[in-house]
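Here's the structure, in structure tokens; my notes come after.
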Amino acid sequence: MQELGKSEQSSLRVTPQGKGRVLIEKDLSSEEMVLNMGPQHPSTHGVLRLECKTDGEVVIEAEPYLGYLHRCFEKYAETVDYPGVVPFVDRMDYLASMNNDLAYCIAVEKLLDIEIPRRVEFIRVLVSELNRIASHLVAIGTYAIDLGAFTPFLFCFRDREHLLGLLEWASGARMLYNYILIGGVAEDLPKGFIERTREFVSYFRPKAVELQKLLTENEIFVKRTRGVGMMPADVAINYGWSGPMLRGSGVEWDLRKIDGYSVYPELDFSVCVPDGKFSDIGDSLSRHLVRAMEMEESLKIIEQCLDMMPGEEGFNPRAAIPKRIRPKAGEVYGRAENPRGELGFYIQSDGKSTSPLRCKARSSCFVNLSAMKELSMGQLIPDLVAIIGSIDIVLGEVDR
Amino acid sequence: MGLLDANISKHNVLVTSVDNVMNWARLSSLWPMGFGLACCAIEMMATNASNHDLERFGIFPRSSPRQSDLMIVAGTVTMKMAERVIRLYEQMPEPRYVLSMGSCSNCGGPYWKHGYHVLKGVDKIIPVDVYVPGCPPRPESLIGGLMKIQELVRMEQIGISREEAIKKLDQKSLDPAQLIQGERKGALTT
Amino acid sequence: MEETQANAAGESAEITTAKAVWQVVRDAFGEAVSELDANPFMPFFEVLERERWRDIALFMRDDPVLLFNYMACLSGVDYPEEEKLGIVCNLESLGKHGHKIAVKVKCEREGGAIPSVAKVWKTAEWHEREAFDMYGMIFTGHPDLRRILCPEDWEGYPLRKDYEVQETYHGIKVPN
Amino acid sequence: MSNRIAEGFTMSEYFRDIGSSITTIMTGMGITLRHFFNAVKRKGGAGIDEDNYFKQVDGLATLQYPREAIPTPETGRYRLYCDINDCIGCKQCERACPIDCITIETIKVTKDDLGVCGKTSGGQQKKFWVPVFDIDIAQCMTCGICAAVCPTECLYHTQVSDFSEFRRENMIYHFGNLTKLEAEAKEKKLEEEKKAAPKPKPKPAPKAQPAEGG
Amino acid sequence: MNTGALLPNSFPFVMSTSLNAWSDALSELYLFGLPLGLVIIAAVPLVFIALYALTYGVYGERKISAFMQDRLGPMEVGAWGILQTLADILKLLQKEDIVNKSADKFLFVIGPGVLFVGSFLAFAVLPFGPAFIGADLNVGLFYAIGIVALEVVGILAAGWGSNNKWALYGAIRSVAQIVSYEIPAAIAILCGAMMAGTLSMQQFNLLQEGPYGFLHFFLFQNPIAWLPFIIYFIASLAETNRAPFDIPEAESELVAGYFTEYTGMKFAVIFLAEYGSMFMVSAIISIVFLGGWNSPLPNVGSLALNDWTNGPVWGAFWIIMKGFFFIFIQMWLRWTLPRLRVDQLMHLCWKVLTPFAFVAFVLIAVWEIYVK
């Protein structure tokens, strides 16, 4: 199969040259053209702009331009107090707000050194895994759209709607929750939430299988993604990739296992790495597969959370929230596994003010996207679209 | 106002009925340009997706500005993006409408104070017809906003400009303060 | 990790590995690096001779004992009271040794320059561009040092503590 | 091209490719056809907090919004609403709001007016008139921080979400319980009281900065 | 009354069984020395096609796609959104007609026209019944597959004239695709011609006439005929730029392909042309392989189903139904599959479809000469 892909490339006068580099043979005289893709383009997932130098259908080089959604998060974090940052953190990676909040709260709690009630921990893990599924559904759905299949996208969004309903029921908002607070959660889970979540899990499992049959196993989809956008593991690490992107390159690295934050060490789940049978390790298909497999793992985690969650008698979700959050002077780098990779917060506190002196968000998309230039070299335009889709960028997090 | 305008503005039957048919066509086929910028874009996608399905109203997203009638500015417009927003707006053919979706494009939203790189409201650069509040607005809110656009299209006629139509609709629609009063009474009674 | 016992045990181990790491770097570069600040949150040391930062980085990446192959984060920081700008790099040995450490490099506030490590860790390329965009320090040897988030013709460096927002940008009023 | 075939692109692979294409395409088409025939069913209108929610999710998922709507959960945070009768003018929400979309101006209630000003529904004596309580709904990001700090729980988010407007100005909601004239009168009264009894330090109500968005 | 009777074009003929007499009489009608009657006869199918394209094509596509995707599709414009397409067209009429300053104005304007004419010219040789045919050319089939080349000119003119890079990409891709797929398509159709021994469209239908209904169709006359049938169907998808071969208008890659810059009515014309050619290829495949206007029902003993369901009005009904069936399959494929890449498209054409088409050609020739 992969040989087939190569032969197709060779017909377009592109020959691989060592590590992912290609040489475009000049057997015909042709001119380069600069193609400006974005910031308003259906496949750039927002407002990314790619300046592509193209030779016919072949992209010689694609230079990403960011900043079209630069919303000054870091400036804001310096002006509002610690709990006030949470809503802005929500708006960074708007597809996985719960995970963002978790990362931020972990960083601040590390600085504050406070103990979190156990039920709060379980609630946090539960909602962030629910949100992880929702986020992966969007990633898979939009990837399908990028490759021209519209129906899987709508199936993904239909199922995501149930997740949003669940999260709205718990937190009060559909997308940007402000639910996980420093030292607790905003509210306890509503009555019946646990049963409904169980029902969701049993509802979603067959849908995931259907999605797999409809999209992932489709030969055209495989042909479009297999062997496209190859990234070897060592280069991926050098680029600072994390999350499904790095796992797609075959590195078994998941912060939920490595850092073991929250109650993840107690939960039984595996780190999803492609086995290399269905896909070539490091290509776009692997990254897609990792996301699809992670949804299943998240379902497992959710089930375990529901089973292990301590009772709600006398539980106050805000009990551990400090009245006045003013950490002592120091610096901290706290991180958590976002659906897109490692989301870290470097927070610097001077011990005097109630707002951080410096709050840098190490966003996973920003780092993952930085390899775009290398990934896009010598690809076809349709492959470029497939590669952007497989990176699964959220511009809110890239530009912050 | 010219002589012809004066005559037309009297709304004779023929002109109004043709106008009504034309307005019906326009409001039944509002093709928006999917102008996803930020968080609201996801809600816009959710509105287009199965659960709310904007296609019920004939609202069918196009990716080229040339074929769209409506620009849904969904998300934060930044300084870097502002010029492109203007450009895309200018690429759209008349008659065109702009719906500002979400706090950020209404007035800069959460970023209105210290957001050095955020445009404080898309209405500073292009004329906006309907503002949909929310951060992000629920799909229902967006549909409500689109219904408002349809009302506006219905109101516009030969001799009634967009501004006049908005003014008329504004008078017709409930004052939010009144609405709150009613809500307050409701809250008090329960 | 919020469990206090596990916390104390885990982080002290972190500090001991950090100490060991620092010792290796100290042995190789001597006074070029400062003492280790062994705080429980984020143990770090500072590169005092910043011209050698790239060598230190390369050493940290390639030394078989250290193998810091993964740069998690590079944050620009403003130190107004010291009249300095700086960067904080969080390094990790991913999949090899698993240890972490943070490194700080500082430079003068006006016209300061820090050697770029974009060639050492490719991820640093965009992080450094962002730090340049936000703080205005120069990274010498950077392959492509341009603004990344703000427009090319933006005035000032937004995250500096003394930043004043410009009045207009291309005719559009910026402040509210 | 020929060297590629030498690299292992064999005839059997060629036919296997065609075979797998046909089978996977058929599977996909079977799925869409099943959905096509399942379109006679419609999803029910149960809210997520109802027990039968997941029993009603088969078939077409579309909700015809202006005609039918799934109820928003009770916890839904949408339009910010202030029950001004319960507001004690403590300004905690104004301080807590990360984006300053609430503007409050208060006037201290004179002693003889305490009865007129009344008590909150919780029985707490109100000590401030609140002539200006403006919420810029267009700026509000429905984070719920203000509602969390409100001591009398008079500020809360309602489930109403569909309230778009033609004009930006209409989105600034005025909740103040005094008209401008009344407010002036009260201020004058307070001044007089202060003059009469200079013991408590004259402390004019701190003027909040107008937070006009436009 | 049968369903076919509801079609507007057939209404005057419902009561009459001697349709030919009607058409003969009509063709005698001359006005000021112009053959008005003939024009009417030729125009009647086209009126239907326009109606079809307006209502069924677009509306049907939206509804079918919606049901496949668990949604409702157009609902609010008319009952069940039946007037949606009408509203779209009326709206597009009112839109501002933008021509780029930097566009090649001549090509830009002529592009959609050529496209429209190219896609609708082939309808001249489509027989809608024993008497309904615009021009019964003796090389009708050849004409039909040849006229598609005009569409390429239209697309190229539109894409080049727009002076837009996306449009140019779309146009070039489209030209490469259509020209390539002409070859397997033509060979597959030639297989059919070989079985019939004629190129006349009307002759095709007459040859597949018979009391046993579908058993007389070429698809079932020859055990190898399914191969060119499938090849032509796949190639026809590519020729009409339908998914999974819709790379010239690939929305996620090329914004809107060669019609990125078109507004208003010009865009509507391009849209209609697409649906027109969709019907055309469906009609050709049903004429060549599935008996055209012949009823598929066989005579079973005393139940003379075939005889009852054959006739002028029934003929139109059957060919339209067969066309709709293939259009449904086209839509079904479109809303299921991802899009192919440019090189994979060419791979499919040159390395899969063309060799198989040749194989089919040889096999059918052998069958026709030695077995039959």
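Labels for the chains are A, B, C, D and E, by order of writing; each one numbers its residues from 1.
In the analysis below, a contact is a pair of C-beta atoms (placed from the backbone, for glycine too) under 8 Å apart; a residue touches a chain by one contact, two chains touch by 3 or more.
It should be emphasised that the depicted structure is a prediction, and the values quoted were computed from it without experimental measurement.
Colleague: Go through the assembly and pull out the chains touching chain B as well as chain D.
Modeller: Both chain B and chain D are touched by A, E, going by the contact rule given at the top.
Colleague: Smallest number of touch links from chain A to reach chain D?
Modeller: Shortest path length, in steps: 1.
Colleague: When B-C is set beside A-E, which has more C-beta pairs in contact?
Modeller: When the contacts at B-C and A-E are counted, A-E has more.
Colleague: By CA centroid distance, what chain is farthest from chain B?
Modeller: It is C whose centre lies farthest from that of chain B.
Colleague: Please indicate the chain closest to the centre of the assembly, with centres calculated from CA atoms only.
Modeller: Chain nearest the centroid of all protein C-alpha atoms: A.
Colleague: Could you work out which chain's C-alpha centre is the most distant one from the centre of chain A?
Modeller: When every chain centre is compared against chain A, the largest gap points to E.
Colleague: Measuring centre to centre with CA averages, how many angstrom lie between chain A and chain C?
Modeller: About 24 Å separates the centre of chain A from that of chain C.
Colleague: Determine the centre-to-centre distance between chain C and chain D, using the mean Cα coordinates as centres, and give it in whole Å.
Modeller: Using C-alpha averages as centres, the distance is 39 Å.
Colleague: Can you compute the centre-to-centre distance for chain A and chain B, using the mean CA position of each chain? Integer Å is fine.
Modeller: Whole-Å distance between the two chain centres: 32.
Colleague: Any chance you could list the residues of chain B touching two or more other chains?
Modeller: 49-51, 53, 56, 63, 80, 108, 110-113, 116-117, 120, 135, 138
Colleague: Can you tell me which residues of chain D touch two or more of the remaining chains?
Modeller: 25, 28, 31-32, 60-62, 64, 72, 98, 141-142, 213
Colleague: Two-or-more-chain contact residues of chain C, please, as numbers and ranges.
Modeller: 149-151, 158, 176
Colleague: If I apply the definition of touch given earlier, which pairs of chains qualify?
Modeller: A-B, A-C, A-D, A-E, B-C, B-D, B-E, D-E
Colleague: Which of the residues in chain E end up touching chain D in this complex?
Modeller: Counting only chain E, the residues touching chain D are 64, 67-72, 75, 332-333, 335-337, 351-352.
Colleague: Of all residues in chain C, which touch chain A in the complex?
Modeller: On the chain C side, the touching residues are 1-4, 7, 39, 41-42, 44, 69-73, 75-78, 88, 90, 94-95, 98, 102, 121-123, 125-127, 130, 134, 147-151, 158-159.
Colleague: For a test of understanding, state which residues of chain C touch chain B in their complex under the given definition.
Modeller: 149-151, 154, 158, 163, 165, 169-170, 172-176
Colleague: With touch defined as at the start, can you tell me which chain A residues reach chain D in the complex?
Modeller: Of all residues in chain A, those touching chain D are 1, 3-4, 6-7, 10-11, 80-81, 83-88, 90-91, 151, 158, 161-162, 165-166, 168-173, 176, 178, 186-187, 190, 192, 195-196, 199-200, 203, 210, 213-215, 217-220.
Colleague: For a test of understanding, state which residues of chain A touch chain B in their complex under the given definition.
Modeller: Per the touch definition, chain A meets chain B at residues 39-42, 46-47, 67-72, 75-76, 79, 87-88, 91, 94-95, 138, 153-155, 157-158, 160-161, 164, 174-176, 395-396.
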